[in-house]
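Labels for the chains are A, B, C and D, by order of writing; each one numbers its residues from 1.
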Amino acid sequence: MKSEHTTHLHRKTDPAPVISFSHTAGSRVDLSSGKYLKLWQGPQHPGITGNMSLEVTLHGDEVVDLRTHVGYLHRGFEKLMERRTYMQNFPIVCRICVPEPDFNEYLYAAAVEELAGIEVPEKAVWLRNLSLEMARLTSFLQWIGGQTGAFGMGTIGQWGITHRDYILDLFEELSGGRIYHMYIIPGGVRADMPEGFPGRVREVLNKVEILMDDIERAMFYNAIFKMRAKGLGIVPHSMLDSFGITGPIARAAGAARDTRKDQPYLLYDQLDFKVITGSASDAYERAWVRFQEMHQSISLIRQMLDRMPSGGAIHTRLPNPLHWKIPAGQTYRRAECTRGEYGYYLASDGSGYPRRVYVRGPSYTHAVALMETLAIGVNIADLAGLMVSFHTYPPEIER
Amino acid sequence: MKYEKIEELLSAMWEKTGLGRLGTGTADSPETAVTGAAAAAVHQQIQSSDLAFVKVPADRGRHLIMDLRDHFGFTHLVFLTASDYIESGVFTLTYMLHSYTRHWDIGVQIDLPREGSTMESIHDLWAQAATYQRELREMFGIDFPGSPRIDEPFILEGWDDVPPMRREFDTKEYSERTFFPRPGRSTNDPAGYMRQKLYPKE
Amino acid sequence: MSEHETNRQLEQDSVREVMEAMMTYPGKADAGDTVLFCDARPKVEKPYRGIIEKFLNWARANSLWVLGFGTGCGAIELRPLMTSRYDASRFGVAGRPTPRQASVFIIGGYASVKTLKRIIRSYEQMQNPKFVIGLGSCTINGGMYWDSYNTINRLDHYIPVDVYVTGCMPRPEAILAGFVKLQELIRAGKAEKANEYAENFDWYKANQKKIIKNWDMPDYSW
Amino acid sequence: MEVNLPLKIAYAALSLFIALNYGLLLTSTVARIRARVQGRIGIRIFQPYLDIIKNNAKRTSITHGVMFYLGPVFRIAGGVGTFLFIPMIYDSVMFSNFSFSGDVLLVVYFIFFGQLGMALGAGEGGHPYSAIGVSRGLAQMTAFEVPFTLSIIALAVQYNTLSISEIVSAQQGGIMSWSLFTNPLATAAAIIAFLGMSMHNPFSVVMAPQEIPIGPPTEYHSNYLGMLQTNRAIFNAAKLLLYMNLFFGGAVNLPIMIVKTFLLYMINVVVGVSFPRFRVEQSIRFFLGIPTVIGLLGLLTVIW
């Protein structure tokens, strides 16, 4: 079918048409009727994740229309990376997603290495995988506080953030950075493990496991938490493909989609784990899937610590970064981050600067299209819980 | 249908779309010309065993994407983005499609003229496509007629300059003109600067 | 401070014209025009003298209510700040969800233009005396995003900043040190930036208007 | 014991002062206890004083109209009024405030008077979060009013009096004569209602920061907020005193009063740190369910 090029010329005055997916698009309620109340949840709002805003239209306590507004964190990364050399780009990519920067570092490095044909030494691959799993654990520990806090249980948030801090100490020991590690560099990693590092990692893992037993009792067996979270924001299986849903949301809906299994990168084909899926596909199920993945991530870290080669190079010799040119080409690398599929599309034109870097964050679709659709009919009190159950991070939406 | 390698799937795809038949080229030569109807505008590039890029004319793009989604199982729209090749005067749209059955990716690429560029909307195929198209409209100025809320600002607010992701837009110059750069910050071309730092003799 | 003065002199006239032009719009203007709300001129509130002001400053310094607005990536370190590792509540620091009740505004890192509009509005809704802590090198000179088209370079051209905490990102210890420094300033009676904002209102407004093209705020149903 | 009115007023002012400080210290103590549960040290013990001073020391404050002024005034009038008619110490000249026969009804009225005034003021504040918070608060209040009033009626029937002092004096012979043991059902219903009254989790949706930042007082700032904080301290103390008097045999001196009220308040804290919060309709359903039944049973056991 060919598009009518005549209709859209003076379309600016017409209202946006309704599409079949998102109920909100184009469906306007008239505030003048007095039956509705329009709220802005965010950007200055404790119940919002990060710095974004939901334009909520209420009828009583029920949401009848919701628009997601992003862009408060837009830094123009993709533009900035076009005017920085490949080596200059490496320290800024981790800023794209604040809570787990390592995935950005890994994906950027992997894409550059694929185009430049660089081989990564064995030890560096192990260290990369280790840091990715530790980042997953930190991100989940932060999320679990948000999930319970959205339902008014601040205690678990305090516990989770505190234990996340122990892992951040490990990161600091490993890479020198607390939040932004800048550890995974094209060609390898920046530093080897310090002396006695695996033992300290094991201690922290034991602490986290003890905490998680407490959380399991206090959160998942809590009657009121069940009352709030069960049946909230059910994602039907039919929506998965048409909304591009990935990660724990898709797995909680019963789809065994995990990039670590489907297209194994790094060492995931040698490690022993299985894809965790749920069935109920509501907020409680998503939380439960993520909780199981925390356990899984702990076991993965332990496996890696057991089988990690002791010695070996951690970095290959790169060409002189001053005039390091990447041969022309384009590629797309993806990884499974805590929220779903995280991907980097890198196009090189043979110069010393990347031609185009596109960052595909899972929150992009979860926070906008999915949120705008699933929030319809939800009680305003549950909006924060629904938002957190999608585990969205605004920085990766607008980059 | 069972495809051993992504090349077979691509050839079957070319057959189905009638855009031409795959030539004698094989996977090891990255660019394999496609003989047939629209040979000029059509070619494919096999990046790896599970990733390939195909380029088709703009008016056939939506056809191809629907074929891939409905007949070849590429049901997941990974992303939709554009890259600006100003020297050849085109925007290259990239629709990255993923197949959960085979775990292959195919990037459908479409060249659009840089001025007055318009593309058919796929917001009715995937819900999140409308968001991608809003972003492209805002960041590149590419129009997608019929896409919902396409003219609402998505990320920027009160932006009255050229769309920032176009290559003719100089972000450094804009930043120095608009915001107040703190004096004392000097920026250098990294290559030249580091060269005179590291190898002053040369 | 000299460029400060000169800039102010330069901007004075243009701002007057702009404001007079705005005064002709009745009430809330259409999209693209400026809303009068954001130009309500604050008054300079003279502090008391002597022991009274010292006592009040002591109380203010020991009860810092932070506005819960995570404007940038610095917000991620504010959560550890309030948890058991670095328990900022020992210093009288507490979060507050509404700008009316908050007294400290932490600008967490880079501020994009879209956020800056909200920052300014929240800042103007806070009550005098109010204090601003600029977090991270992004608020000082743009930091990593010094050449970005969407993030400001210097925060102190748009709202007055009491304390800068350097780093990307600043560690919680550094933020605590920033709080302690702010408390010292308040006790010494040097943290009168709210009055400075009122005095240099035209200069600040001119800088804000330079990048924020339209001021129309989202339409509430109240 | 006949005391002339000025002296009585002076005594009332003294007990009000004591109650204010006690409430403030109780607030910070409880905050510290909650912080320990979370692994923190928590706020300083005199932090509430500093907050009140700071809020009153704000130099600017904006208003939204007359009712916006009157909201906090009603609130604090409700708090003080509640307190002034509850005997703090049983059978003491100084600390039995203006307790008279029939003060139970007055106190029950005063407990909700403040909330209504607050509703008016917050409504005029104009912020949508205030409006939502007020509607939730009033709805939840009406809900927990039912079991609370049922248990009050049960006590009134049981001791056939409407004077708190007489109810206390009726409980004086030993611990087994407390209403807690003479009428456990009414006590249980009242304690559950107490959780809702003091708006801790799981009944804190009125001020839920995650959904509607701090609800009704969203627009209240500087000295209005100071007034509200003052009232909160007094009101807490007043509620605790009321419960202590009605169900736990009152107190014959200050230490006993402090111990009893503190333990009573700890019920809130223990429940509050370990539960998330109900949605408003969930909490209404909860209050109109089991607690109401318990209250009815308590009433019936008294009648028959």
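Here, contacts are C-beta pairs under 8 Å (C-beta built on N, C-alpha and C of every residue); 3 or more make two chains touch, one makes a residue touch a chain.
This one's a predicted model, so the numbers in the text were calculated from it and none came from an experiment.
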Contact-richer chain pair [A-C vs A-B]: A-B
Far-end chain from subunit A, centres as C-alpha averages: D
Centre-of-Cα separation between subunit C and subunit A, whole angstrom: 30
For subunit A paired with subunit B, centre-to-centre distance based on mean C-alpha positions, whole Å: 23
Subunit A-subunit D separation of Cα centroids, rounded to whole Å: 44
Centre distance in Å when subunit B and subunit C are each reduced to the mean of their C-alpha atoms: 40
Numbers and ranges of subunit C residues touching at least 2 other chains: 68, 83-84, 97, 114, 147-151, 220-221
Where subunit B touches two or more other chains at once, by residue number: 155-157, 164, 169, 171-172
Shared interface positions of subunit D, touching two or more other chains: 38-40, 128, 209, 213
Touching residues on subunit B, where the partner in the complex is subunit C: 155-161, 164, 169, 171-172, 174-176, 178-182, 185, 187
Residues of subunit D touching subunit C in the complex: 35, 38-44, 47, 50-51, 53-55, 57-62, 126-128, 209, 213-214, 217-222, 225
Subunit D-touching residues of subunit A, taken from the complex the two chains share: 37-39, 45-47, 61, 148-155, 158-159, 162, 218, 222, 224-225, 227-228, 379-385
Of subunit A, residues touching subunit C in the complex: 31, 36-38, 40, 43-46, 50-51, 55, 71-76, 79-80, 83, 91-92, 95, 98-99, 142, 145, 157-158, 161-162, 164-165, 168, 178-180, 395
Residue numbers on subunit C that touch subunit D, as the complex places them: 42-43, 45, 47, 56, 59-60, 62-63, 65, 68, 83-84, 87, 89-90, 92, 94, 97-98, 100-101, 103, 127-129, 220-222
